[in-house]
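The two complexes that follow have subunit A in common; it is paired with subunit B in the first and with subunit C in the second.
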Partner chain A sequence: MSAWQSALDAAGPQAERIARLWWVFLAVCAAVYALVIGFLFAALARRRGDPAPRPADAEATASPTSDRGLTRAVATATAATALILFILLVASVGTGKALSEHGDPNALYIELTGHQWWWQATYQDPSPSQQFETANEIHIPVGRPVIFILTSSDVIHSFWVPNLSGKIDLIPTHRNTIWIRADKPGVYRGQCAEFCGLQHANMALRVVAESPTQFEAWRRAQVEPAPAPDTPDKQHGQQVFTSLPCAMCHTIRGTGAGGRTAPDLTHLATRSTIAAGILPNTRGHLAGWILDAQGVKPGAAMPPNVLPPDDLQSLLDYLGSLQ
Partner chain B sequence: MSAERPHITDEDALRETAALREVWAEPTGIVGFFSNVSHTAIGLRYVVTALVFFLLGGIEALLMRIQLARPENRFLGPDQYNQIFTVHGSTMMFLFAVPVMEGMAVYLIPLMVGTRNVAFPRLNAFGYYMFLCGGLMVYAFFFINAGPDAGWFAYTPLSGPQYSPGKRVDVWAQMITFTEVSALAVATELIVTILKMRAPGMSLNRMPLYVWSMLVQSFMVIFAMPAVIVCTTLLILDRLVGTHFFNPAEGGDPLLWQHLFWFFGHPEVYLIFIPALGFVSTIVGTFSRRRVFGYMPLVLSLVATAFLGFGLWVHHMFATGIPQLGESYFTAASMMIAIPSGVQIFCWLGTLWTGRLRFKTPLLFVLGFVAIFVIGGLSGVMLASVPIDLQVHDTFFVVAHFHYVLIGGAVFPLFGAFFFWFPKATGRMMDDRLGRVTFWLLFVGFNLTFFPMHQLGLRGMPRRVYTYPAEMGWGPLNLLATVGAFVMAVAVVLFLVNAAMSLRAGVVAGRDPWAGETLEWSIPSPTPEYGFLFLPTVSGRSAMWDARPDQPVVTGLRNDRREILVTNTVEATPHHREVLPGPTIWPFASAVTLCALLVASIFSPRAVPWLVLPVGISLLGWFWPRGKPPVPAPEEHRVRARPPRLSADTP
Partner chain C sequence: MRTRGAVVLVLACAVATLSCWREKRQFRGAPAADARWAPVRIPPLQPGQPLPDNIKVGPYEGNAWAISEGQRLYNWYNCSGCHFNGGGGIGPPLMDDVWIYGSEPENIHATIVEGRPNGMPSFGGHIPDEQIWQIVAYVRSLSALESPDAVPPRNDHLERNAQPQPKP
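== the complex of A and B ==
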């Protein structure tokens, strides 16, 4: 797998262009730094052993001839600085222009809404029946541009998946857009980059880039409502879910649970993490999260729950079946 | 020595000393302590208070570094961490960096321009107490777990009433109000001091570079502060009286905050950095034993930096979705700032190249400044590029960048300046060997702490996270940064030990231990309460080095009241005499009552009408006309003051 969340290990054209620009800047800046420090050391070495230091006075000013040389040197260095900056500016603006053009009418549109502290992704489609919602784990097809339309429901967040692209803010009542494309299949981690309160550190997401056929299969499954519970135990679990406060915030399509303030759990079992990319989606972590979310992510909106062991096991069975 | 000029005899000098000592005496006792309006006392209080805040901010930094030393650490919780990084940033920017630069200037500027106090000495005292009150208020709330927690730039809507209930952000916003008042007070008095109170002969083109840097900085304060006054006032209105300037749900706009804040916030960085450039020029010149090369380009660079500094605030906002044309403009503007910075570096390199160097501690700190600041400048060029910025914005790369610029660009020169002017303020030298050790520890510790952060940012670590998962692989570099932070802490402790020891037992400095270039080195150390026995005159760009053996001094000022000479703005020819006000408790009383009003207004709007009363009474006490009008009648002063008799001094 590619380096986890690194801006320099590009998996798509956006991050790649930026990484290339970065190396150009780094090389130029390193050369400039070497020159400046070289001159500094030369200047220090030059006069270190002056045998006859005189007290400072007006005559101590270096001779006018050497100052004329200095004037020329400083003017040359300044002109070189301006020239180098201009070249870097052109390179930067050129890259910026390339970043904003994708030129593919066949792009996939995803609306991404930031919440304290999780990501709500709504896959757009011309036909409303093909739209669906998921959270914190975004599947995309390799090789096809994806356009994100970004906004926030509360404070400012920032969407950043370094392996794929630079960041862009999610601002309430504003709608920003960014496009990305993954050229290599893989899982790319990202996290919120604008300080957004108590759990800013724990607001991560995953972008899963997969082949178009795999993506299509995943998409079809996501459009479907949740599978009906097929054992009495899971049926009990569903009942626990809908009768407890869970349903007031969470949606499971195909059941009575239709809360809109927390992640859609219709296909929870297909996701690899819970709690916005913080915990692996295992039975044990899920149980811990349900009982005491505040212990994991203090300040999150998920309240602590007190459940009899049987109810908890049934609930976990049911949630684990939400393929 | 020309025959027609009278000599000042030793008797004259003794008589004058006794008279000045009496009329400029600093008041004693507790009331006297708070009534003092001397620029040396207020300047030192600024510096010492700011250093205390520097230590507090440093302790907060260490706490954060301990928390981040390893992944999933539980040393601090998220709420503590968020308060600590907010208070750290606010302290370092508003309670340390700007005030310490102001304090140094309040102490040094009157001496460098050759006068006896700042213009408006009472305003000066008032400004200091406002700053002190603001700092004490923030820490009082911080210690009862009600410290601000929305970051030092407090983006709305996170800092708005809905997402930051309670009083935490109000405390932050009021602290900004306190520091605004203090910074504006200092800026005003420095501009007037510099433009109207220079020694005869010190025309604008002979002003020391440090004085130029403070003049430029003071004008920047006056243009930058209104933006932050507007934005914190609007925020307080949103929070306390229910307006909706930044509330998107009611048609307000959260981005408005960012524009207003950064229109102030970017120049704010230069408010810290430009005075440091003045220190660098002074130290480079003195320790190269030649005039700094390129006076005119250096001055123009300062002015250019100040102008450009107001045109690039949007580079803090590239990720908010700015149109591409706008982004390109701000990229170009941000890169352009590298040109005046480059010119200055080149001029100093040229000075070092042709100078005969003395490797004392102040020069070491300046050399460290070059090595560090240039890295910060170059990473600034990288950040000016929108595509690169979109990757590293709000990551540890930016944390590295601004610490390179601020610690490298301002704190290193500041420490150099402490070593340099310590003898003037205390009469004793700081220990040079201990100073070198301090320098090397600080230099190595600094780079250990902040260089790895560039790498962390590129590898995806956002700033302001209180924890990170082990799988990210950020642990080792973070541990390295933490080790570096403790090395820096040792260096700071060593500096304090050095200062404390030198204060008691340092080598006695005398007037001019460094063979300095500027006027403050012509007077005894520590600075007498009246400053100059006779106000000096200047006959060249380097006041001390260009002084003739019979350099005249100003006589003819009355020594039975606090009289100083006012000169013309450009040529510094004598214009008239002016009487400066003496000590009084009222500025202190005004600051305390105004502080009470501002703090109480956080809790109830009713505090404003009630507490306006004591504030008004204090101000009445302050401005109540007493005795004779301080300015002589026009015809009288014209006769007496034009021209003041210039006579030769016996050295």
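== the complex of A and C ==
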């Protein structure tokens, strides 16, 4: 298990380069800091030992030789500072350049749109029948570059999965791209890194890196429409979903629900969290979210709902069957 | 001299704090299912005492946040599919001063909840009541019936379309 959301526990080439740069900066800055503090204490200790000189003595002690020595020392320190900063600049620019290169024609394209406060991921494919949409949980194959095309529907958000790469903004009306590659399988948490409103802190996503065969199986399942309800209870649940406000915003492919403003719920039961990584996807949490989402995430677009108990249970049964 | 300057500064700051007023944002409204059972009263005849007309002013009159939310919902619920951005097309225009079913907040609210002949669907029970009132505030702002200082200075639909193209 990798460290949870840590930029120093790299799972891919970009994060590795960033982590290496971070260590270089840490080492250089720590050394400079230690030197400065050392000189400071040396100066303090020396001053304390001296008896307080009278003004006339001070004039006399500043001999031409020690004056020249001081000038030389200050000039050397200034030159060293400029040189160190220049080296750090070169290291930083070199890392930035390396991050933008990949050149693999076999990359996977995912369009990621930020919303207040969740992530919409659309998997691109040359064949439209193979494109599909999901939310807040992104599966990627290990060892294959993934190119994210990022934009936003409302305000500026920022995509940051520290174990995989640095951050990049999602800007309305503009498209940014970033590529990442995961070399180790695992679940990597990411978070919006640009303040985007009330629930900015509750806008998380997960990147699940898995072997290419597992990914292909997941992808095939996601392309399919939602499974048809197989019991009268689930059929009733589906009816509740499509006749109540749910269908005004949410899509379940294969049913009449085709709202385009909220997360696609076609395969809701395959996700491990709800509400953009805030709650585990369990029956109880889902019920709480449906009835009173504003209690969990005040300001989110999900309105409160009142359902008779039987309708709610059927709805939960149906949503739980969306594998 | 300096004391007087300090006093003037403090007073100026005190006056400036008067402008620090934030309108209320109500996130948790009544659920949509409640509005589903609201009675529709077409004739004025009623058993017993007539009910008071309790809603004369929309709850979001002059509320900038509600108007901008209404603008968002106007597109989310596809009002723009028929009324376009207020200019009309399939549905009647909303920016002019012609109101077939009345321009008062409660008239527009009733139109959205009940639906109207020749194509306007009934949204009652499908959209929470607060959101309907927010849409009402936005629709009224289209024909300048809302206070101009509460109306968003820029329309969302003026944005350049940023639909990313699929890559091979």
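Throughout what follows, the second predicted complex is superposed on the first by the 310 of 323 C-alpha atoms of A that agree within 3 Å, B and C clash if a C-alpha of one lies under 4 Å from a C-alpha of the other, contacts with A are read in each partner's own complex, and residues count from 1 in each chain.
Definition applied: a contact is a pair of C-beta atoms (placed from the backbone, for glycine too) under 8 Å apart; a residue touches a chain by one contact, two chains touch by 3 or more.
Worth saying up front: this structure is predicted, and the values here are computed from it rather than measured.
**Student:** Applying the touch criterion given at the start, work out whether A:T173 contacts subunit B, subunit C, both or neither, answering first, second, both or neither.
**Tutor:** both
**Student:** Pick one for A:Q313: touches subunit B only (first), subunit C only (second), both, or neither.
**Tutor:** neither
**Student:** So, A:N305: does it touch subunit B (first), subunit C (second), both, or neither?
**Tutor:** In the superposition, A:N305 touches subunit C alone.
**Student:** Once the shared chain is lined up, is A:Q214 touching subunit B (first), subunit C (second), both, or neither of them?
**Tutor:** Neither subunit B nor subunit C is touched by A:Q214.
**Student:** On the A-aligned overlay, A:V36 touches which partner chain: subunit B = first, subunit C = second, or both, or neither?
**Tutor:** first
**Student:** Contact-wise, after the overlay, does A:C249 reach subunit B, subunit C, both or neither (first, second, both, neither)?
**Tutor:** After superposition on chain A, A:C249 lies in contact with subunit C alone.
**Student:** See if subunit A has more residues touched by subunit B or by subunit C, and give me that chain.
**Tutor:** In the superposed model, B touches more residues of subunit A.
**Student:** From the superposed pair, tell me which subunit A residues show up as contacts to subunit B and also as contacts to subunit C.
**Tutor:** Dual-contact residues (subunit A): 172-174, 298-299.
**Student:** List the residues on subunit B that touch subunit A in their complex, please.
**Tutor:** So the residues of subunit B touching subunit A come out as 77-79, 82, 150-151, 155, 157-158, 163, 248-249, 253-255, 286, 289-291, 293-294, 297, 319-321, 324, 327-328, 331-332, 335-336, 338-339, 342-343, 345-347, 349-350, 352-359, 367, 370-371, 374-375, 378-379, 381-382, 384-395, 458-460, 462-469, 471-473, 515-517, 540, 542, 545-546.
**Student:** Once bound in the complex, which stretches of subunit A touch subunit C?
**Tutor:** Within the complex, subunit A contacts subunit C at residues 109, 111, 124-126, 131, 147, 149, 151, 172-175, 244-245, 248-249, 259, 261, 292, 294-295, 298-299, 303-307.
**Student:** In their complex, what parts of subunit C are in touch with subunit A?
**Tutor:** Within the complex, subunit C touches subunit A at residues 25, 27-34, 76-77, 125-128, 130-131, 159-162, 164, 166-168.
**Student:** Could you list, by residue number, the parts of subunit A that touch subunit B in their complex?
**Tutor:** Checking each residue of subunit A against subunit B gives 3-8, 15, 17-18, 21-22, 25-26, 29, 32-33, 36-37, 39-40, 42-44, 46-48, 50, 53-58, 60-62, 66-67, 70-71, 73-74, 77-78, 81-82, 85, 88-89, 91-93, 95-97, 99-100, 116, 154-156, 158, 160, 162, 165-169, 171-174, 176-177, 189, 191-202, 278, 298-299.
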